[in-house]
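See the structures that follow.
Each of the next two complexes has chain A plus one more chain, namely chain B in the first and chain C in the second.
For the complex of A and B:
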């Protein structure tokens, strides 16, 4: 035993990881092979009859995996865009243009002490960030990213979405209450008051849209906005879109309504006692929530994955590389080096100070970029889900940019202004919107 | 509150968007280094040479060149403006005396921390009036003052500065530049004269060896070599002549 421990301790870090993970992976592979050999047929039959289960597991995994780079990207956008608006440069040390800065942030949060205060309700304290994060992730499940690319096409999709995103209030209250700190409790209650107040105009502003669309399925709502961009619901429901945007800003705890954790004023509201990755989960949830809210605005009011004009979706390119026969093999061998040389040549010939190897590296990078662009373009025109995904992500990040832009511009409102605005202005306005829409529908249908 | 609700918000958003696209003034220092003007010398400070002695020769060129007169040797500001004390006053005085002595062989009084002897100003005022209080006639004024008082007292220089409007630093520079002007009574003269003679001798020998090194041999007879030597001797004569006399 001691000899084994000693020899293990002499390994380098990579060796330790290899010697730990290698046997585990080996055993898992053996087990999987045995499982398939022995019980493969019944399992496959079971999964084939219950295909929804497979879809659910795949969707949940995909959404969980997607949330991490999304949050990283939005954190980076926030740092960089606000810096540029403040006439600063912002992060520029880690990665190209500082784009890996948010990864460093994530690692920092991971490496911090996971502290819980004396007297805290440990179980609730631990579960609170999970509840907040889970509500965000569950909202992401029904968002239609592209035609055919969504977790679940529920016929009550919108209702489900509001229900699960309302669950985050429970997480906030849990965090505030279990911290054993009256300021955290106050912060939690304040956050709950804000989120619940703004949920009412948020939902009421969509009811007019629901009357128009006649369905709660997000996928169907997007399909109904197809064609030219004037079919988007923002042109039929401008007031509703505005109210939804404002209420969604408050719902996502963004400036000017970010009183739940106003970084520059109060310590952190409900998250005062949190540190390490538990705090990181709140942080993560907040930024994924920004994406969810942006995607929701795009889905409901800005045509979702529809391009602004009738897109001739699937274009079949008559490319059959197999017809080249043996020539294909030679092409694969010869074309890339030739292209690299061709791309490197102008740099080598044009700048006498550049050594040949630098020109070659530039040519190689340019060649790779060219290939990536070509493949993406080919996928874009060939598969409508790729095009739809790009359109949806583009629109969504436009709204993410708008949220960050607002944070770079607007000052924070006071708590009484916040509540007064929700109850005195947004609620009557959303009711008016609902009334006018219903009246118009009745008049038109008559 | 404007007429259109939300107009202020739109204005603010437009402003931040404009700033977003503006070029940033930040210079990433260790990688990017700004080109400074060639005469830029950074912070004002006195430097020491490799032997630990002060490099300052109290030549007053810095004080004369400073456009806002913030440099003033000895911390005396003739016009009541900014000035810089280079170090603690007592050490400054010592440094200044030491370096000035090293340079000229004459003791230089510290005007700031030593009282200077008063003079009777009537004669000086007459001289100044004769030269119309014009700083362009400074050399004549100084020569006349030395002829009147025997040397150039500090009080006289102060008065000249006050009446003509010239900087004290410039007057002192002029007075200390010309060897026939003296800042001390003639009792201290033998020492200075001996120093000046020694220096003149050294100069002559150096020039001779320099010529030899330049034109080779002792008497090359080259026409331009003698021409330069001929042009050299009248140039040195006015400076060295009176001091030797």
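For the complex of A and C:
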């Protein structure tokens, strides 16, 4: 046994992953085949009668899997954009423009030793990152990505979202208390005080919007902002949108409100004693939270998946490939090589030092990009959920960029300024917003 | 009712995702016990002393109390906001009722402000 363990520990990271993943996948495949062979028919019948179950499982899996590349992309954006703002180069070794650097970071964290200190409460110490991560990921269940593309359309959507994201305080306190470290305890208490203080203006700033919309379902709120861009609630609730943006920045623990992991004051706050994958989940949750907050701002105030103008969705293209007959076959055979040659020609002719095979490779890559753009464009005009998803993601990443920009630009605030700002400025301002909106509605209705 | 099961199902899916990842990490990581210093909490490089779970500032507790008061208020305000434009409600009376309700809470906030609770110490 010891010999096996020792030889296992000598494997490289890829070897370890393959060595453990291989048998698991093999056993899973055998189990699945056996399950289908024995109980295939009743299972299919059950799923066919309960189609909502299939839909939900697909949605939940898609949302969970989507969060991984989202976090990688935002981490890469943060590294590269802040580097460019600081006139550095930033990551440039792995992948094109260093874009795979964050994936490598993720793999590294996965392979690090997961250690808990001697005095720690092991159970609470393990459950804390789970609580923080879950409170973030649960919000993705109600976020409407596109028409018909959401986890669940709840009539209490907004209330559910605030309730779930408020639970992250519990996770932060658990992490701070169980680490058996004074910095962790102080960091956990600080972040709890910050998050609960900014939760009040965050929740109250949306009430004006609720008065206008008359519903808490996020899907309905987006539908009500359809048409031209002046229907977006940001133009009817500018103060509410501003308060929501500031409070959401503090909720996501982003600069200038990143007191929770102020590394120059309290080491790393609640995450001081964490290592390995449990540490990884804290930061996974933080970056998914940036996306959730951006998506929420877009959904509530910037029209969600609505384009800024009434887009004539969906356009049906009447193409019948079968009518071309044998010509289709010839087109498939002849058009791609010709296009590749046509794209490669300018590089070969224009730069005399380039060998012909390099020009051909460039032509091939350009051709593939062209095909991807063509297929995406075709999907964009044919299905309104593709277009809606692209509009939503485009707007969301604009806000993600704003958060990264703020991190690259603004200094951290002091903690007394932070707490005073929440209670003395944002809370009265959000109540003022609520009463002005309600008074305007009363005047209009009377 | 299905909404509840959506939430429960998503909770189970998410928690199993986290534990599968932590389990996969546990399978491929290198572990050793090290000596006694490895288990010590990191407090800027010196050995820890004193009581870790000792006393801390009372201001955290007061902020938590204020938070509870306003958070419960928010639930009432949300319900009020949803029925505000429903059919057959007296919109003026509804407005005045919420004005009085929030006014009382604002008096409480003003009292706390006056007492200097909101200043961080």
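One rule holds in what follows: the second predicted complex is superposed on the first by the 401 of 446 C-alpha atoms of A that agree within 3 Å, B and C clash if a C-alpha of one lies under 4 Å from a C-alpha of the other, contacts with A are read in each partner's own complex, and residues count from 1 in each chain.
Keep in mind that, in the parts below, a residue touches a chain if its C-beta (ideal position, glycine included) is under 8 Å from a C-beta of that chain, and two chains touch if they have at least 3 such contacts.
The model shown is predicted, which means the values in this text are computed figures rather than measured ones.
When the two complexes are overlaid on their common chain A, residue A:427 makes contact with chain C while staying clear of chain B. In the superposed model, A:170 makes contact with neither chain B nor chain C.
Residue contacts after overlaying the shared chain place A:406 against chain B, while chain C stays out of touching range.
Looking at the shared chain after the overlay, A:89 reaches chain B, while chain C stays out of its contact range. In the superposition on chain A, A:112 makes contact with chain C only, not with chain B. When the two structures are aligned on the shared chain, A:223 is found in touch with neither chain B nor chain C. When the two structures are aligned on the shared chain, A:214 is found in touch with chain C, with no touch to chain B. Using the contact criterion defined above for the overlaid structures, shared-chain residue A:419 touches chain C, although it does not reach chain B. Between chain B and chain C, the partner in contact with more residues of chain A is C.
No residue of chain A is contacted both by chain B in one complex and by chain C in the other. Within the complex, the chain A residues that touch chain C are 9, 13, 16-17, 20, 52, 56-57, 60-61, 63-64, 110-115, 117-119, 126, 129-130, 133-134, 137-138, 141, 151-152, 154-156, 158-160, 166, 177, 179-186, 189, 192-193, 196-197, 199-200, 203-204, 207, 210-211, 214-216, 267, 272-273, 276-278, 280-281, 415-416, 419-420, 423-424, 427, 431, 434-435, 438-439, 441-442, 445-446. Within the complex, the chain B residues that touch chain A are 9, 12-13, 15-17, 19-20, 22, 24-26, 28.
On the chain A side of its complex with chain B, the touching residues are 81, 84-89, 92, 405-406, 408-410.
Contact residues on chain C toward chain A in their complex (touch as defined above): 2-3, 6-7, 9-11, 13-15, 17-19, 21-22, 24-32, 36, 38-44, 48, 50, 52-53, 56, 59-60, 63-64, 66-67, 70-71, 74-75, 77-78, 81-82, 84-86, 91-92, 95, 98-99, 102, 106, 109, 113, 118-120.
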